[in-house]
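Structures are listed in the sections that come next.
In the two complexes below, chain A is the common chain; its partner is chain B in one and chain C in the other.
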Partner chain A sequence: MTAAAGILAHNTVVVALGVAAVGFAAGVVGSLCVLRKRALAGDAAAHATLVGVAGAFLATGRRDLATLLAGALVAACAGLGMLVLVRRFTRTRDDAATALVIGVSFGLGITLVSGLPAWGYANSAGLEQFLLGHTAALTARDAWLLAAVAAVAVAAVAAILKEATLVAFDAAFAAATGWPVSGIDYLIVGLVALMVVAGLPAVGAVLVTALVVIPPVAARFWTDRVGTMVVLSGLIGLAAAAVGVAASAARPGLATGPLVVIAAAGAFAVSFLCAPHRGWIARRAEAARGLTVRRGDDEGEAGR
Partner chain B sequence: MTPPTRPLVEFHDVTVAYGRRPVVWNVDLVIDSPCLFGIIGPNGAGKSTLLKAALGLVPLVGGEVRFFGEPLGRVRSRVGYVPQRETVDWDFPVNVMDVVLMGTYGRLGWFRRPGDRERRLARECLDRVGLADVASRQIGRLSGGQQQRVFLARALAQQADIYFLDEPMAGVDVRSQERIFHVLDDLKAAGSLVVVVHHDLRTAAEWFDRVALVDRRVVASGRTIDTLTPENLQRTYAGHVDVLDDLAQAIAARGRTP
Partner chain C sequence: MTSSTLVGDLAFGLGGIHAWAMATAAVIAASCALVGTLLVVRRMSLVGDAISHAVLPGIAVAVLAGGRPGGPLVFLGAVAAAMLTVWLTQGLRAAGGLTEDAGAGVVFTTLFAIGVVLVGLAPPGTHLDAACVLYGELAFLPFDTISIAGQPVPRAFVAGATVLAGLVAAAVATWKLQVFTAFDPAGARMAGIPVVGVTTGLLAATAVATVASFDAVGAVLVVAMLVAPAAAAELLTRRLHRMVVVAMALGAVAACVGYLAAWRLHTSAAGMIAVVLGLEYAAAAVLAPDDGLAARLIGRVRLAWRVAREDRLATVWRAEEAGNRAAARPQTPHEAVVVRWLEFTGHLLRDGSSWRLSPAGRREAENVVRSHRLWEAWLGRHADLPLDHLHPPAEWVEHHLGAEMRERLEADMDERAADPHGREIPPEA
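So, the complex of A and B:
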């Protein structure tokens, strides 16, 4: 093996590990997001990122990952801010407001990213890779950056898991007992924005929200405890990211994002079918035995 | 114990609106001693809104609510809350013990996780509502009455001095209702004030020491026996013909209570 091939292989492995770390963190953060029923917030943030990528490039003339992702994070937060403003001041309902922000910000982002070369920014080529994700272009340095962001996000979830679970389960009780519900909500959605941005290089703006949403939904089938769900969701995200990166490395023509999402969807399908108790097969088997999910028998217990 | 000079709860000229539509207005209500207190009225009378306003969950348009003479922010840990059962997703991945432990979070504060002391307390609270043997069950696999008792146990774990319960008997079987009322009675005996938003006039006459009849404003309030009079009930439920039968029975039941 030549030295160049050795470096290349080393680079691929480091990038795969970095992206896997992002997959883990996205699954962990996504659990809170899905439990709080804010799955679409991630989508709004994701579609807004392209504007930030293009904006960061225009503002600095640089195209290193840290600069572009910083721009993406600003744009993601701005997109979420727009969402709040549209809801509050135009009395548009949540779903319509989300669709509106997704469409407008994405249209703007595509216009900028695809227009830059035409407007004479010759070295802007490659920005469109943030659309569908492309890990081949990532360096080991980039991978370390992504891994660091992932570590921060996981640490944040570990720190606020108790508070976030309380708010996700019963926001009224949380508020009545003095917890700052909107502050905790902003923190959850902010972490989602962070993970959407970190997932951008590998999975791309269009699909990155799937990395935040599919793993927790799949994980939910296997467990009835939040803590277990968070870890399991992280592992599913990690596996999906690793499989996607490996598959696109084996077939260089394929974008990474779709492969990651297909892998995650595979995990979902297996979970939906095979999980004990909540899985389709288990539920069918239970129904066949004439045992529908047993609700508590009040009669027996209240008499004690 | 609170000195008797400071009322446990006082509503002063409270008005609450959703958007521009007022829901309850000019509510004046003072509760100065521990008791079982019922907030009674027809559907849509603003009973739950009043309770939520007291807890700071919906903003007041006017007036103020004080607890032990203080604003809520300074005495939050002394106020327990049982929300309506339908407000949460019972498919949520937590078990009975997890939910009851949430009652201890207010005292624990940021970042501290419940430990042995909290678990012991939660177990004790579950025992009081008769659910000790389902502590590890996912909350969706409980009957409505059991779910309501889980919420009550969570409020008990708050170890408060005042408890607010929002329709705790809605969709609850008779045995669970009895059990819940007995727990509330025990709280009163231990010196707590228990305020219950309630819609069933029969059980109201039977259990509450004092009531406020509410139909967007306070129609009447005071000792149950003096307040649940035919005249007051007619005034509260005017235009709610569907409850006339209930009314008749409630008035009959009132005759039986001492």
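So, the complex of A and C:
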């Protein structure tokens, strides 16, 4: 093996590890989001990121990952801000407001990314890789950046896990006992926006929501304990990201994002079918043995 | 590019490329707006988002199986994929206990991912690639024509117009069922309306509108065409049938304006149409006649100004009643401005270093003070409040009582009376 091939392989491994760290953190953050029944909170932020990527390139002329992702984070927060404004000042309902921000912000992003070459920014090629994710272009430095963001997010979740759990399971009690419920909600949504941005290079704006939705939903089948669920969800996210990156390295023609999502969906399918107690097979077997299927007990629990 | 070439190009282009592209975009946008209005009023906007993503694998499988884009096989595949999405989401909720948004989040992302991979596997030359999935290719559609009565007509326009005609016919035929189901599903079920069938029909219509749009604007931007015109129309009118018409018009206009803007700026037509739709929504949110931001802001400013005027007149009236002319002087810069205005309109007259009421000002002031004291008297009789709690509510309500209300309040009192503080209530001016 030549030295160049060795460096290439080394780079691939480092990138895979960085993306896997993002997968772990996204699973961890997503758990809080899914328990709070805000599974799609990140989707508006995700579709808005493209505007930020193009805007950061336009403003600075640079296209290193840190610059582009900083722009994406600003745009993600702006997208969520628009959502808050629409809800606050119009009578448009939540679902329409979310779909509106998704569609319009993505349209603006597409307009900018498609227009850049014609507007004289010849070196803008490659920005469209943020649509569906493409890890082949990432460097080891980029991977370290992603890993650092992931570490910050995991540390933040570890710090607020108790409070976030309380808010997720009984927001009314949390508010009555003086916890800043809306502050904790904003923190959770902010962390989701951060993970959506970190997931962008690998999974892309269109599908990155899956990174914060599928692993927690899959993990929920295996356990009733929040701590276990958070860690398990992180591990599922990690595995999905690693498998997706490896698969896209094997088939360079395919975007990475869909492969990561399909890997996560595989984990979900296994969890849905095979998990003890909550899994479909276990519940079928239980029903067949004539035992009561515990459905009513689950009323009032936070979302699964 | 100058505007004269734009006009020239448009004139040349009647029957030409740009006109056909705009016409195609307009019929597509109108179809989406029609379906989207029902989705928005039924709070199913995100179902529309999920379906518009999830039709991709259906389209990809149909194309891989030899269907041509825009052909019947592709529509069939897309509707099947949409039904699969809904069935899977509901199945996950029933069998796995997932909340609806979590289930949709799992299903549509997975199906879209599968669709993208299938598109990546498609052999070259199948008119299906990743860029088309995301942006569409509106600018190229007019080149693929079929012959109708000897004239070449773009295939995409024919497909879009057919879909629009079909959806309008279906909407007209099932309008009462749709409205009943949308606003009172329980009542509709009791009345024997097949609610599940009506909903399934709406979802199938969403899939059909999405497929008709797919070649032009891609899968991801359809959600803007579904939801934005309907959300804007909802701010402009409260009648559903008007909302549908307004939404379709907004969608068609945005399609034409967005196409032209994209052509001038050399960028994606699909993206620009979504941006124009967003601008239309923003304009509706600001300018809507009844509850747009501007109308609400103007209403608040006018109310604040009226309250300030009436408070000032009442203050001068009370100062004259108490014989304390100094109390009629404005205390703050804001009050000074109000006084200047009232002097300008002839309600107040300058009197040395202070002001007194003109006859017109006195009439208005007496009605305000009368409202205030009648309300205090009524509260004192009926609300069992201590004396010092009567003033604040009266201070608020004095600006909102009309002559009729004052008459009823007076009729409620036992004698020609004073207010609870013992001050005389002035007669109706």
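Throughout what follows, the second predicted complex is superposed on the first by the 293 of 304 C-alpha atoms of A that agree within 3 Å, B and C clash if a C-alpha of one lies under 4 Å from a C-alpha of the other, contacts with A are read in each partner's own complex, and residues count from 1 in each chain.
Here, contacts are C-beta pairs under 8 Å (C-beta built on N, C-alpha and C of every residue); 3 or more make two chains touch, one makes a residue touch a chain.
In this text, all values refer to a predicted model and were calculated from it rather than measured experimentally.
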Which partner reaches more residues of chain A (counting touched residues only), chain B or chain C: C
First (chain B), second (chain C), both or neither touched by A:Arg225: first
First (chain B), second (chain C), both or neither touched by A:Trp280: second
Which of chain B and chain C A:Thr92 touches, first, second, both or neither: second
Partner chain(s) touched by A:Phe173 [first = chain B, second = chain C, both, neither]: first
First (chain B), second (chain C), both or neither touched by A:Leu254: second
Touched partner set for A:Leu191, first chain B, second chain C, both or neither: neither
Contact residues of chain A, present in both the chain B and the chain C interface: 37, 295, 298, 303-304
Chain A-touching residues of chain B, taken from the complex the two chains share: 52, 55-57, 73, 76-77, 79, 81, 83, 87-89, 92-95, 98-99, 102, 105-106, 108, 110-111, 113, 130-131, 133-134, 137-138, 141-143, 145-146, 154, 158, 173, 175-176, 178-179
Residue numbers on chain A that touch chain B, as the complex places them: 35, 37, 159-160, 162-163, 165-166, 168-170, 172-173, 175-179, 220, 223-226, 229, 293-299, 301-304
Partner chain A, residues of chain C touching it in the complex: 40, 43-46, 48-49, 53, 92, 95-99, 101-106, 109-110, 112-114, 116-117, 120, 130-131, 134-135, 220-228, 230-231, 234-235, 262, 265-268, 270-275, 277-278, 281, 285, 291, 293
Contact footprint of chain C on chain A as seen in their complex: 34, 37-40, 43, 47, 86, 89-93, 95-100, 102-115, 118-119, 128, 131-132, 206-207, 209-210, 213-214, 217, 221, 253-255, 257-259, 261-262, 265, 268, 272, 278, 280, 283, 295, 298, 303-304
